[in-house]
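Before anything else, here is the set of structures, which you'll find just below.
Look at the two complexes coming up: subunit A is in both, with subunit B in one and subunit C in the other.
Now for the complex of A and B:
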């Protein structure tokens, strides 16, 4: 029982970081209908931005955090402008977007290898290693902070999408970009905002991943998990991405705890295949159609 | 109010408009009739800025329109698209509020919202429902109400009666007249030529990307060639549905 609770806590913590990344996939998918595989590269650079902010610039933790997330927000919008906007202007088929996204992802990874180098780097220790004891549970300080910061950011994002004028325009664009433009919405700006939001959260996730594990050019591969989580929850749905991520995080830690950590990555892909076979729209995928 | 001059537009590799010119004056209902694929929707989509003309221009109140759809809405042209395209994931109310996206004057927006709900009481009853749960006719009303919320002076309507039950078709045309009563000018594209000519002041007949006839709607409705091709009132009475 105790071990179960402990695994649940760990799962929630890692799941919440998956969620930060998964909403980036979901936001872009919801308005552009393709999976932005360059997102992993953005997360990876977020980890580097945070790392250099702390080590080279000797910034305080919060400042490094902001540097990383603003940096990735800018990077994500840049990728949109360079890799996707020319395709959007030509109304290219979605396959081209995916190819362009993969290209951007490979480019980012290799630019980092060429300039920063392929070595693994470890974040300086920010939080004390010894966990907080809560009854018989031991909760890592970093895990706790990861959970609360992620939950806070996700809550802000959902409020933004649900309550603000631009948030409504994003939802409307997700349903139909042309009709949204007919309302006078600058849909080009909506796309940029969506990439900036996804990029911002990717930066935060990148820093957390760097702190929890290490920083290296292929760290973006971990984000495959968050993509799986987004598919699991239903691509294009924000609550779906969050639920899918938390579930995936919990399932993974339970598998690692009770079976073997060898199976941890396996289970993620088993879930992906299972979801695609049984319910391709995921838990909360969009299905509503307008009547002709 | 709107003048389209010698417009050439290609769409999907096909030249869809080949030198179309037309005028819409303030307060008029002007209809464009023509068969499927004649270029009617292409024309509206070009006016709204979704397609770029190879040649020709669109003037609105004497000014050249910008290229961006959002700027064209701001200039005062609203467009009720073919297939309604209501935001099925948002409530009826949110759909209407989005129509006022570019407007800042809360009081005027609230007044217009009341006007739209007055025009479409059904929408008021369902204001908290997701638009996707509305019937086809209700979605058409919502699409029209949403366009009115932009407060544009010129309303472009693309096939508003498409896919609606016969009873609702009449309702839609009644609403078009009511919208004119609100002081709007309307450019109506329709396949239901009979009803469209009935409600319109003037009409253009579009065939394969060219305007082949224009004139007062009643004259066009009595034109023998138009009657044969679009109104199905040929004396031989071949394809009548009993």
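Now for the complex of A and C:
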């Protein structure tokens, strides 16, 4: 029983990292209908921004955190301007967006390898490693903070999209971008805001990821899993991305803990495929009427 | 008019030819190196290549080496295989086919050293692996591979040393293992640890695995914690060691962790910190050994940072190669491979006497090191029985 609880806690903590990354995919997908594979690269740079903020600039933790998120928000909008805007202007097929995104992702990884170096780096220890003990249950301090910050950010994002005028514009653009533009909404700005939001969350995810698992140029590869989680939850739906991520984290840990750590990915993904066969749009996936 | 043009061009060609032959130049011996210069193990690859470059420069500064009565300069051609087995095959093809090297140094990883054998055999170019400890690197299905050599001891030995030390010296009776299922090195160590530990009368209470690229080991560790072992064997590389050690401590696992030669690295200490304090690992050498002091100082002076474990072994691989070249008396891969089979030199990591039917250095002692206050403290030279 204790082990089961511990495994659930572990699964939640892994899932919350996936969730922060997955919402970035979902946000962009909801507006632009393509999977922004450059997102992994942005998360990776977020981890580096935070790392250098803490070590080189010797910023306090909160400042480094904000620096990283603002940095990645700017970076994500830059990528939109350079890699996607020219394609949007030319009304290129969506396949081209995906290829452009992959190009951007490979570029970011290699620029980091060439300039910062290929080896991994370690964040300074900010939160004590000693876990909080609840009986025989151990909960990492960082995990706890991560969980609450992630939940807070995701709640803010959902509120922002539901309650503000910009949020309404995002929802409307997700529904039909052309009609929205005809109604006088500056859809170009909406796209930029969406990328900035996704980038901001990517920065937070990057810093947390770096603190937990070190910083290295291939962090982007991990985001494959969060992308799958986003698909699982229903690409284009924010709550779906969160639920998909948490479920993926928990399924993974339970499979590794009780069935076989060797076949963890195999079994976890067979379950996911099973779900997608029954519900091709993912758990929370909806039709075009109510995306975002 | 035509005739004249032809004469002219002939003249030019002749001048060009004379110009080539007349140029005073010392022949060079091209030596290949490959390893990971990007990815998790880039720290080691960079360290190896730097060491080879430094040693070759030192030889060249002394006028090069004499082979068959003629002086040669040494040149290294280094390629990055990103720690990838497929890429290892590609760069070996390039080194043997395009660059025509006489021998290859590296790689450090068993998984990368094993698949290159057919290419070496076809090209008749010997390879000296540095820290590739899996038996299959030099011997496959009971037959020695004619062009594969190594400078380090092998996994059965390392796994047996770790198991023997855990059972006899640390008094462990129940052991848990966490290993990387996608890595030949990790699997080899796990297999031989398991065999030796159970043979001694110990019990393996948990045997868990993960995949390359994984960063979270808590599900496996929670399972290990529930099995309550005396010691946890972690036969993989420092990055995963540091991550898994930290996560183990976060889960409240207090047991001693034990590892192999994948552990030692500056990064293990900076990243693992308190989590690896008091833990033990099997290593190729004792860092405080006077025999290695000179190389350590030269490396630090040239590159401004400390050498890693790999540097010591590639250092001895270079000694092996130079010795074999001199004894072969000609710059020819086949002759060098033949000379390598009778190597018996004193390296900085110990005596290297290559076994003719194993191509491994026979009877090299292992060193047991303990991490105390962030330092590697030599415990004893330990030979498995």
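One rule holds for everything that comes next: the second predicted complex is superposed on the first by the 267 of 292 C-alpha atoms of A that agree within 3 Å, B and C clash if a C-alpha of one lies under 4 Å from a C-alpha of the other, contacts with A are read in each partner's own complex, and residues count from 1 in each chain.
As a working rule, a contact is a pair of C-beta atoms (placed from the backbone, for glycine too) under 8 Å apart; a residue touches a chain by one contact, two chains touch by 3 or more.
The structure presented is a predicted model; accordingly, all values stated were derived computationally and were not measured.
Engineer: Figure out whether A:168 sits in contact with subunit B (first) or subunit C (second), or with both, or with neither.
Structural biologist: first
Engineer: For A:122 in the superposed arrangement: first (subunit B), second (subunit C), both or neither?
Structural biologist: After superposing on A, A:122 lies in contact with subunit C but is clear of subunit B.
Engineer: With the two complexes superposed on chain A, say which partner A:265 touches: subunit B (first), subunit C (second), both, or neither.
Structural biologist: second
Engineer: Scan A:285 for contacts with subunit B and subunit C and give back first, second, both or neither.
Structural biologist: neither
Engineer: For subunit A, which side has the bigger count of touched residues, subunit B or subunit C?
Structural biologist: C
Engineer: Thinking of the overlay built on chain A, is A:239 touched by subunit B (first), by subunit C (second), by both, or by neither?
Structural biologist: So A:239 meets neither subunit B nor subunit C here.
Engineer: Check whether A:182 is in contact with subunit B, with subunit C, with both or with neither, and answer first, second, both or neither.
Structural biologist: After superposing on A, A:182 lies in contact with subunit B but is clear of subunit C.
Engineer: With the touch criterion stated at the top, can you tell me which subunit A residues are shared between the subunit B interface and the subunit C interface?
Structural biologist: On subunit A, the subunit B and subunit C contacts do not overlap at all.
Engineer: Across the complex, what residues on subunit C touch subunit A?
Structural biologist: Residues 37-40, 42-43, 46, 181, 208-211, 213, 215-216, 218-220, 222-223, 225-226, 239, 242-243, 246, 249-252, 267, 270-271, 273-275.
Engineer: So in the complex, which bits of subunit A are touching subunit C?
Structural biologist: Contacts found on subunit A: 2-3, 6-7, 10-11, 13-14, 113, 117-120, 122, 125, 129-131, 133, 136, 138, 140, 143, 212-214, 216-218, 221-222, 252-254, 256-257, 261-262, 264-265.
Engineer: Along subunit A, where are the residues that touch subunit B in the complex?
Structural biologist: Answer in residue numbers: 165, 168-169, 171-172, 174-176, 178-187, 286, 288-292.
Engineer: Which of the residues in subunit B end up touching subunit A in this complex?
Structural biologist: Subunit B residues touching subunit A: 48, 50, 68-70, 73-74, 78-79, 81, 83-90, 94, 97-99, 101-102, 130-132, 134-136, 139, 146-147, 150, 163.
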